[in-house]
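Okay, so here's the structure we're looking at.
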Amino acid sequence: MHEENETARIEAFSDGVFAIAITLLVLEIRVPSHESVAASGLARTLVALWPSYLAFFTSFVMILVVWVQHHWIFTQVRKADHLVLYWNGLLLFVVTFIPFPTGLLAEYLLHPEARVAASLYTGNFLLVTLVFHGLWRHVSKGGRLLAANAISSNRDEAARITKHYQLAPLLYLAVFVLSFISEIASIVSCLLLAFHFALRGWPTSAT
Amino acid sequence: MHEENETARIEAFSDGVFAIAITLLVLEIRVPSHESVAASGLARTLVALWPSYLAFFTSFVMILVVWVQHHWIFTQVRKADHLVLYWNGLLLFVVTFIPFPTGLLAEYLLHPEARVAASLYTGNFLLVTLVFHGLWRHVSKGGRLLAANAISSNRDEAARITKHYQLAPLLYLAVFVLSFISEIASIVSCLLLAFHFALRGWPTSAT
Amino acid sequence: MHEENETARIEAFSDGVFAIAITLLVLEIRVPSHESVAASGLARTLVALWPSYLAFFTSFVMILVVWVQHHWIFTQVRKADHLVLYWNGLLLFVVTFIPFPTGLLAEYLLHPEARVAASLYTGNFLLVTLVFHGLWRHVSKGGRLLAANAISSNRDEAARITKHYQLAPLLYLAVFVLSFISEIASIVSCLLLAFHFALRGWPTSAT
Amino acid sequence: MHEENETARIEAFSDGVFAIAITLLVLEIRVPSHESVAASGLARTLVALWPSYLAFFTSFVMILVVWVQHHWIFTQVRKADHLVLYWNGLLLFVVTFIPFPTGLLAEYLLHPEARVAASLYTGNFLLVTLVFHGLWRHVSKGGRLLAANAISSNRDEAARITKHYQLAPLLYLAVFVLSFISEIASIVSCLLLAFHFALRGWPTSAT
């Protein structure tokens, strides 16, 4: 079996999972019940749903960034061994899980126990960066699985990715810690980091 | 990395999101409860769900048009820079959001506050045309990102798209304003505009 | 733009919609509530869900057949004009709608008004065959849109499809009429016809 | 029609269904209600959802394994006849059904009738292995549908798959029987077997 086809298949399947996960997020924003609308009007009820919109938007941007970064890593990979499959499966697992903490945060951000929801939410993203770290560490170790051009001319690119995946978990760890102090601040930090990371891994030749 | 592959990847991921969003819409049509059926019979209960069918059909046609027009723009694009990624991400965001105002309209079209639901619904489509306008404005500016044939022989096509995306936001702005006067009229206008725009961007060579 | 790419894009998008619609069907089978389980036990509650399983299975087979037949038609098509887009959009519409009558049938097959649910369910499939009929009639008319080999060597194949799409709507019309006499008989007929049609359009060279 | 394209189309459609099924699983983990959170706190309510996480994780790994093994079989197949279509359709059916027993297990694992839920859950996986067995038996019979290289150089690979699909149903039958003795033990066995089988079929050249 041709190895490039193998990584292409992993990428296509993963892209499918990312596209579905990002589109399912909207199902967590519930159409308000007639009771709540009767109590305070439709417009005010919709405004009061702002935690749902914030959670939806933040998770949307995060999954979009995961899609870009997943591709970034796989542009450097020539062949996939069994551990790549395991690491990639683990990544898909933590990404498909995202709609649950998103729905939880939307429901409980204004609740006295919002801290629990926010720490699960930011903790999930911390896990995503840790799995990315592990995946990249495995494929780049010794250059055995890297594409030839990744080893020669693109060595700088591999070094950039390595640096990126050493930094990202530390930043999301800080966000996770922040979630115990201020829920809103931790969500906004998640969003800002996602915007910052959105472009990492996109070919610089096109800038 | 080859640039054409980059735009192909953006198109494939976006097509996946459009296909999922268009298929999720039906989940907003709820099977009627046994209580409401006991009160007025199954046939009459199903007829009374017509706002759900109207909202489903209108959103379905809109997303189909987005799919066609997204492809129209990308046939002209040779390479994607970071801002293309941001604009495209914003487009995916406003499209994946569509099931929520669709469900809201289905639930509240016959409610005294239907105006709120209709203006959110038509406002969402106005946003879609504005994002398309911004995306096209960015990729066509100076011809830097356009395909070679788009610059030479297909200059007319680029001019057609430019004209189209100057007009579309104005028309949907009118629909949005109309939603404050008559909800039904604004939804029907949405639908008629969608039918009108359905074919823009489809290769004229095939007509 | 190359025409073959156009039909390939229509096929890929449609395949995506079919794959999602077929997988969403299971969401219509609801996990039974603790109240109903407390009343009659989990095993008996699950057995009592048989209308859900029957509706799920029938719709699953129907969508699988739609997928095979859609491909059958497009193997004969060389280029797509605007009306092909409209006909295909209409087909996607009636297919993405399937989960709603499926859920309705699952919920109301044992209800005194089951006839309404069964006629909507079988009526939806009648619509599917009518849209297929219209789509094929349009693309085959005058051979203008057919592939060159469809016109010369595969003329028999085109004739087979024509004959098929003249027969199918009549058979599903009979099933629709039957739904007013016996709901169960009409669903089982749907299923038997689907099994019968499952293989039409699959390349005979491979048999 | 080119036969390789036919099996490629079956694989692409099946991959789409697997990607959607694996991503839909998370919808079975429900955001806890405000009532249950008011009773015991958000953190404890989330911990009490562990049957949901266990069911989600186990089904996730199972579908991932199905994806890998489906590809394994199709790397050996040169052409698809009608019975391959039927067998593959049956496989898609038992896989798209998975979210239902998963939701059932999540809801009833701690219920006195957990045995019913666990036996349906493990029984579904037993069915998956039986369908794989039937699919492989059909395509490998007489080598008529196998790729040329599968017949000559890869004969060992075909023999490996045959052996694998003779063993797998027996192991899952044991798990199914175990579900009548200990629900938890049967779920954990499912998971362990899935981990064990995760790598079967992945090209050994890449190890």
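All chains are identified by letter, namely A, B, C and D, in their written order; residue positions are counted from 1 within each chain.
Everything that follows uses one rule, which is that a contact is a pair of C-beta atoms (placed from the backbone, for glycine too) under 8 Å apart; a residue touches a chain by one contact, two chains touch by 3 or more.
Keep in mind that what you see is a predicted model, and the values were worked out from it rather than measured.
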{"item": "Intersection of the contact lists for chain B and chain C", "value": "none"}
{"item": "Labels of chains that are neighbours to chain A and to chain B", "value": "none"}
{"item": "Maximum centroid distance from chain C, chain identifier (CA atoms)", "value": "A"}
{"item": "Interface residue overlap between copies chain A and chain D, same or different (over half shared)", "value": "different"}
{"item": "Cα-centroid distance, chain A relative to chain C, in whole angstrom", "value": "36"}
{"item": "Rounded Å distance between chain C and chain D, as computed from the means of their C-alpha atoms", "value": "26"}
{"item": "Where chain D touches two or more other chains, by residue", "value": "16, 20, 24, 27"}
{"item": "Chain D residues within the chain C interface of the complex", "value": "1, 3, 6, 9, 12-13, 16-17, 20-21, 24, 27-28, 79-82, 85-86, 89, 92-93, 96-100, 103-104, 107-108, 111, 113, 116-117, 120"}
{"item": "Residues of chain A defined as touching chain B within the complex", "value": "15-16, 18-20, 22-27, 29, 31-32, 34, 37, 41-43, 46, 56-57, 60-61, 64, 67-68, 71, 75, 198-199, 202-203, 205-207"}
